[in-house]
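The structure's right below; bear with me while I get my questions together.
Labels for the chains are A, B and C, by order of writing; each one numbers its residues from 1.
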């Protein structure tokens, strides 16, 4: 698939991240953690890709590897810009800077994402002063005012410190900061999870507005499936470092095909329903320190057979735009 | 506000369906203040609730609502710097008047509590078996290690932990969050309490595990005729298990009633707004916007007079900010609901 | 800032400490004016004299004054007052000419016996804290000595802190082998008992140093011995602060590591650093005292409290006979306690989790 055909902004292919469990001089070299195991997804222009998964699924690892907060072990992350494409881990300094200014990561925790000792103006502009061609402070201050207004805050809030704002407002500041360098894509990692329920809606609405206004592509990660289903155009379901299913949001919501997706979607507490019948305690939850062999959902799957333990199911397109990784689907 | 009158109770109409004698926990007029440098923090400002035998009460609220503090006060678990007033009756005992040893003997045997972060609720240097031993010996100090072990195995099996005997030798860090929470529940049930209070027990857990834990609690409730108090900020989750729901905001109860009614025909605009604020199943951003609530949760150190939700309520008028709306009874025949609002049930 | 003042009001001891320190440091700056005599002015017939300020006598009534003393017994150095001979003590009296800060010549001092401008003339000098065996005024010596003792703490701690910031900051931020080397080095130095290390370093240097050189040498030695402890603390803090999302954010904005360290990470530690300095100063002062006490620090004619103790207060007999010789020791105790109380207050104020509750 060429870049033009699918209009991808970021293409992840067979991304794998393994890291050593112990650190230090005397650590044993034999314990590894397979956080990501051959994940391939596309984030397309103007779309929101929702990434869903529980703890240990690798969704945060994927998000952080995307912006190269740490190097990945194997696989590739390609960035498409103006007809050019480059592999991020092999990018030169100029390309990396461009990538970092166009693809921004928005952190989850509003209290640790902002330097508590700086005022908002400084928070927004301090990083920009170190670019090669840094515009003057006046231009930076103007831009700061612009982005603050775009997220629904006032320009005189620029003089205040993070501690004077509520959690929701701080998340707005984080978004303003992400918008500062005119990005094309945002990686939103659990951006509303730390907020009160009554505030989450405000931030989600804001995100939708910003997306429309600035034609952004968004990778939206959350553990609340209802929120992801609302916010995303397509959804990818991660489990144990591998992609289990991927499809248009409504399709996955109405008829999940992968056994894990089915389990996940049936576990969502829905208004008007009562607690489901008791299940056996999940057999063995996914253990990331075992070398990956077979399907990661082994031990919890109702359809499990011998083949699941030895051969890892490949991601197959079982319907247009709908991929599933299971031996017994499609 | 902090007037601590010994044992005085505010008169309240008796509950129609369950008699007072059957109430495991009965709280009336609970107020909790924490003195601090800038004036007291009014965490709870006058809350009533009761739990009958085998009943599940859900307490829903956001941060600063006072839901956790209420639960802690009910079991007398607040520190000495908390000023608690009101009537707290635990199986007929006035919690505030008991001596510390009497209170301690009630905890674990009449009522237990489980908390949000299972990994932080265990002493990491003790094996699970040892932790069980410690808990069981609180009620029966003369139990032998073998008896403790057998009881522990029975409890772990009851919460569906496979290979229970093997697990007793394990240490907390070897278990996942979901497993630890099950063990926590088993420990809480060790001395056969009649009431279990669960404070955000699944907030730190994955969605699939959350469903299992909620299912487990429901099963235990039925099998043991256990009374349950389930505290959470997630309305839909509480709706899965609660018989009655009380919705708290900024230290006050804004609505209370049977779960079905509260979730489908709420009287309080706050409950209504909470229900509307998060996306409903099947909605999508391209189709409709979320009906978010403006403003933010009020600061517990700065309590304004009047209805706490007034600054954010679309129905608010001058009178709402003048005084806290009184708790009014629901007049409909399905009754037993209360709310604080002068415009109940109005849709915005 | 507000928290500081409100906490200060609630802790009278810390407030008193602050006041005392302020007085001592201001006195140090103006010591030429405040001291009635020079540190090495000897008064021939007044050696080992007890403190001589009186407030009342029948002759002159209620006013500060001094009685003329006459030596009775040369061996026991007993003095007796001469009946009827009293000299008043005046404010802004004329005394020996000295240069304030070595620049401005002055003749007036805060107090003195006005007519006593020439040590050899007949009027009686005033000794607030008595004299030593050479007839030198202890009060003046304490004041002049404070210049060395009080400043060596600041200078030494600052140098030590700068070294610790540099090494600890780099180790904490970059981690890896750099971190490992730095920390092992620090631990190695910590392993060696501090006092022996100080003595060792001092002894390998020449014994014939003038006072300026010895001041510098002492400062350097103490700084070298002091940096590892602070460096380890800083390294740990940098490690912890680095984990915050705002540091990752700064990296994602392509800020160079040096800028991240100085603009984001170090400022988070500023209150801890202030406290570290405040609590470290008494240690340095006592270190200088120890060196001088052992004869390896400040030597005559330069004056420091440590050298004064070393000269005069080393035997029980001396202390029993002439207890006022222990005055510099008293001042050392006061300084150490004052810095400790103040440092404790600063530490509590800077701690974001600390709240002054009624229960305390």
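Note that a residue touches a chain if its C-beta (ideal position, glycine included) is under 8 Å from a C-beta of that chain, and two chains touch if they have at least 3 such contacts.
Only a predicted model underlies this, so the values are computations on that prediction, with no experimental measurement involved.
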>> Please identify the chain with the largest separation between its CA centroid and the CA centroid of chain B.
In response: C
>> Quick check: which two chains are joined by the most contacting C-beta pairs?
In response: A-B
> Roughly how far is chain A from chain B, going centre to centre by Cα mean, in whole Å?
Replying inline: 33
> Counting in whole Å, what is the centre-to-centre distance of chain B and chain C, each centre being its mean C-alpha position?
Replying inline: 59
> Using CA atom averages as chain centres, what separation in Å is found between chain A and chain C?
Replying inline: 58
> Along chain A, where are the residues that touch chain B in the complex?
Replying inline: 48, 54-55, 166-169, 196-202, 204-205, 208, 223-227, 229-231, 233, 249-250, 253, 263-264, 266-282, 285
>> Which stretch or stretches of chain C touch chain A in the complex?
In response: 180, 244-246, 248-256, 259, 263-264, 267-268
> Which part of chain B faces chain A closely enough to touch in the complex?
Replying inline: 62-63, 160-162, 176-179, 182, 206-212, 214-219, 233-237, 239-241, 263-264, 273-275, 277-286, 289-294, 296-297, 312
>> Give the list of chain A residues in touch with chain C in this complex.
In response: 25, 67, 69, 96-97, 100-101, 104-105, 107-109, 112-117, 123, 126-128, 130-131, 177
